[in-house]
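Have a look at these structures, which come just after this line.
Both complexes shown next keep chain A, but they swap its partner, so chain B is in the first and chain C is in the second.
Moving on, here comes the complex of A and B:
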């Protein structure tokens, strides 16, 4: 793997070299400790002092609402060509989110039904990952193979070494990215790499949260949890769907066809949540998961059962901790796993 | 792509919301982790708050009535139609009815125009907030309760009074946190929570809501649980003396004094205790204001007046109550209207929301609206008032304007514009400004901040420098109301229990419709509201259904002394035997007007003795 050094003061120039060919996205400060991934504007300050965004960068690829295609004509309908869009160049992705994108890519390409909207965006994107040296209060990626740094699944991986970044090239796209401004990069030394390794070892000690993930997976997969346990969880769940919306690996959606005018129609897809009562309600009115407890059970089964590990190559949690932040019922993944652990003591 | 931080319009919690916009279209809403109330969470309404923005019933052009139908017209034509009735109406015969979803600046604009027209202004807030604010003012001498939810999160013992906290998810969240830290929760309510097994649930019949706080006071005084700081307060000695003679205290077969004594004892000895008062407490009972005042008095005697949370209200219920406080006497106009009395109203202007859907007895209101000379509607949607409207002016959503709203803790927060309003839609203050200009009122502020510099803004209870800071620095929300308690104790004025007829089999009470909170997207919610409304659903306890041989989903007739109505019965596990529940969305044209009781002191829904018959 190529290892290079990029000075922080050169990051702006590096990002601006992509603007002609890419839609460049970088973290932007919005309020308090909140950041979002938003379009990078020339001259914008590049921030490295964020933990992570609460709005997951998956929404750049799997948008909260988007038009999948438009149809013209009712007698002889024609699908209109999609407007072309620049590929995404995302700077500052955290390791957990990059892992989530790999999961989403697999999900949207599985079983021969490839959704080219999401997969094309992911595959054409340039993913510049920023490994973590300060975990957030709710982060637990170390328990989930989600971080704080990656060994694959990125184009460039950057580690913060003070006023410099150690850049590791993880793909041919990453190599091509470096070639855009080779003057900004210099070769990294063994000492630089040792510094990164030392940092990561230190980071591992600073995580506040741990999760009982393997024992939880076992109990969920083997259906060792009682109906009463799920009822208790349902009593605390507010059914907001927030855990699904912030999760880097969640992919629930619904589609609808709607008219623009007499001759034009569009198919829209919007984010949905498996915790919503309407998500599995059938046209007849019958709902196979009418009770919240059943929906919760389904959600955690999808996230953590061996059956889905087999299907998706990994479990559905990357340890970003967003569900912990957003859940009002203390049912984020580590809190839920702690309940499972207590239940089965 | 763009993002804008604003405030959720879903309820009075006032959570921080981050709106995502793309090419002028709202895409999604997200929480804000650094927001002091929501701290990174939102409820189902907040997550789906952008769905109302794209609703198909959205109004985008002014409408005026021509030959029984409403026609889309230009703004000028609509204003021309409005001009004459407003100009010619006699002083006092114009009534502005303002929804609790209206922003503070829009309320200030309404007050300015109303003052110029010598019109009356009343808020149509049925959430119980006006009651709570009046009780807080009269007993504690302040307008708000605790300044944050931390009091709940850190509590070891929590009392809840008629609180359906699922409607106020941030309160529910704080409660969950407290419970997970080992807090004990005691719920005093007519409704049970079957899934909350850890909680102590004390059943209080709705007709005894007035009795419970008096018993709490009595037990607190008897057992000497009063804190020295409370005992030294003005009026305390007088109150204590009143309890020397206990003959006026009614006896209750259900609320046994011994049980209350035990509860008061454990509450008084708990180092960290807190209280939630919910909208069911504030709106149900014989006299909502009196029972709430007595409850606040009991809690003040127990020394927890600084650890109260009120779980009630819509987006700006508290701002509306603050700004309309000097106009409290005008609320009688609305009470009359709800009872079908339109004698005082020549022109009715409704602002911000659907008065019909909010009203407890929409049938009576529909009758009254048919008799009002001119009805002008300012709203975002084609609402239930449209068939009665002579002119309709399209207003804007929370994401389309700059303004402020006040949450249940007295926290003034910004609504920030994220997208441009569609078509002719504009903020209410902009429409009112156009009307004012035609009527000859010259002075009309432009920016939201300028509204706080007007006579109306300057006389509001808000700190002007705090408002300026909020706008000029684009800063974070500020706590603007820091209030000291000034306790005033009062004895109940009347009988504490209702007389129930011998042949009573059940009592009917109003409640909020669960579809508001249990569905996902807005469109889903409306679909369910329509279906439920069409079916006229009546919640009935399983024992009552079994006793009458009625299946859930079967039809039942609810018979009162004054009339009857047929409903679809639905088993409701939260209801005790002997109580049936009408959701407020249910059309209740055949239900007698006596359901709306106590209009002099706010809106309390008196439980009505009924008989239930299988159809």
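Moving on, here comes the complex of A and C:
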């Protein structure tokens, strides 16, 4: 793997080299410790002192609401294709979120049906990952093969070495990115790489949370948890769906036609949550998962069962910790796994 | 191809509409770029767009061997089906598909076949029944049991009359509530199965209908000593995309739209959630 050095003071100039061909996105400071991904504007300050963004960059690729196509007329319709957009260049996404994108890319491509609204966006994008040296309170990627650094699934991986970044090239697109401004990069030394390794080893010891993921996965896969256990979880779940919306790997959606005016419609897809009662309710009123306990069981089975590992090559949690931050009922993945652990003690 | 081709339907014209019951109609669809009319297999379904409302899945109710049109039989129940009920011949809908697996028409070869349908559960079975009739020499005895709420709620009335007259299959019908015109069986369809003489080793059963009916039908079929793997149904789920992405139809790790909708009861028993 090519290893290069990019000075932090040159990152702006580097990002600006993409503006003509890409939609460039980078973390933007909102307030306190809150950061969001937003369009990078020339001259904008680039921050490195954030844990992670409030919502994952998944939103850029698999949008919260999205028009699939437009329709003119109802009983005698014409379908209007969607205009194409510039590819995305995302700077500063964390390892967990890059792992989430790799997961989504695999999911949306599989089973002989490729959803290229999502996969094309991911594949055409430039993923400039910032590996982590200071985990947040709720982070547990280290238990989930989601970070703090990656061995694949990025174009450039940047490690913070103070006023310089160690840049590792992970793909042909990453190499092409460097070629846009070769003058900004210099070769990294063995000492630079050792510094990165030393940081990674140190960060591993600073995680606040550990999860009982392997024993939890086993119990979920073999349906070893009692109805009572799920009822107790259901009593604490508000059914808000927040965990699904902030999850880097959650992929469920709904589709309906939205009117623009009397004769024009958009077929719109929006992200949906398996914790909502209406998610499985049929037109007849029959609902196979009418109870919240059944819906929670569904969510965790999807995230953590071996059956889904078989389909996806890994379990569905990358350890970003956002569900922990979001959940009002202490049912984020590590909290849930701790419950499973206690239940089966 | 546009960038989002997976979700863009082909346009299809409603050529003809047959009124089946007061709330159910069969739509004969054709034209406008549908080139897979004879390529689907019995048991598969389509995503049908009613533009301005959205999309919903419907089984193809006619055998591909008779697919001069694509046929779907739809009861008006929710928002989309109520709007569709106002459509007339000449109007245009969207279609994506065909999706899903199919009835095991190869494994059923040489077997005696029992079909047990309830109400609007007959359309998926009919796609296979007519397929069997068009490949009659490949299959053994064919018996069809059909139950409807009332005589007026029976779908495919002309076809049922033809089946009654046919020597290719034996049809037995029942209704929950009779009226003056009815001189057939009265009562639930499961009662017709009780004490039926079948060779359980040589028989496969296919059943579609409301969940409560399925439960009792399966119990009767097991009592007739049919193996679970020879009792076959279609699982119906709320569904959006039809292509294993939207997540609505999942049962355990199965996507009913891609792995199903046709299952035997042995498979269903091993699903992590019972349907």
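By definition in this document, the second predicted complex is superposed on the first by the 337 of 345 C-alpha atoms of A that agree within 3 Å, B and C clash if a C-alpha of one lies under 4 Å from a C-alpha of the other, contacts with A are read in each partner's own complex, and residues count from 1 in each chain.
Criterion: contacts are C-beta pairs under 8 Å (C-beta built on N, C-alpha and C of every residue); 3 or more make two chains touch, one makes a residue touch a chain.
This structure is a prediction, so every number in the text was calculated from the model and none was measured.
Per the definitions stated earlier, placing chain B and chain C onto a shared chain A by superposition produces no clash, and the two fit side by side. With both structures placed on the common chain, the touch criterion links A:325 to chain B but leaves chain C unconnected. In the superposed model, A:64 makes contact with chain B only, not with chain C. In the superposition on chain A, contact of A:186 is made with neither chain B nor chain C. In the superposed model, A:272 lies in contact with both chain B and chain C.
Rounded to the nearest 10, the superposed model shows the Cα centres of chain B and chain C diverging by 80 degrees about the centre of chain A.
By the touch criterion defined above, A:116 lies against chain C but remains apart from chain B after alignment on the C-alpha atoms of chain A. Once chain A of one complex is fitted onto chain A of the other, the partner contacts of A:288 are limited to chain C, with no touch recorded for chain B.
Contacts of A:82 after superposition: chain C is touched, whereas chain B is not reached. Between chain B and chain C, C contacts the larger number of chain A residues. Legend: residue contacts after superposition of the two complexes on their common chain; A:151 is shown touching neither chain B nor chain C.
When the two complexes are laid on top of each other via chain A, the two nearest Cα atoms from chain B and chain C are 12 angstrom apart. On chain A, the patch touched by chain B and the patch touched by chain C overlap at residues 272, 279. By the touch rule above, chain A contacts chain C in their complex via residues 68-69, 71, 73-77, 79, 81-82, 84, 107-108, 110-111, 113-117, 120, 223, 251-257, 259, 265, 267, 269, 272, 274, 279-284, 286, 288-289, 294, 297-298, 301-302, 305, 307-308, 310-311.
Chain A makes touch with chain B in their complex at residues 28, 30-34, 36, 38-39, 54-55, 59, 63-65, 231-232, 234-236, 238-242, 245-246, 271-273, 276-279, 325-330. Only residues 1-3, 5, 16, 18, 20, 27-28, 30-35, 39-44, 46-47, 166, 169-170, 172-173, 176-177, 180, 195-197, 476, 518-521, 524 of chain B touch chain A when the two sit together in their complex. Partner chain A is touched in their complex by these residues of chain C: 2-9, 11, 49-56, 77-81, 87, 91-92, 94, 211, 236-238, 240-241, 243-248, 250-253, 255, 258, 272-273, 275.
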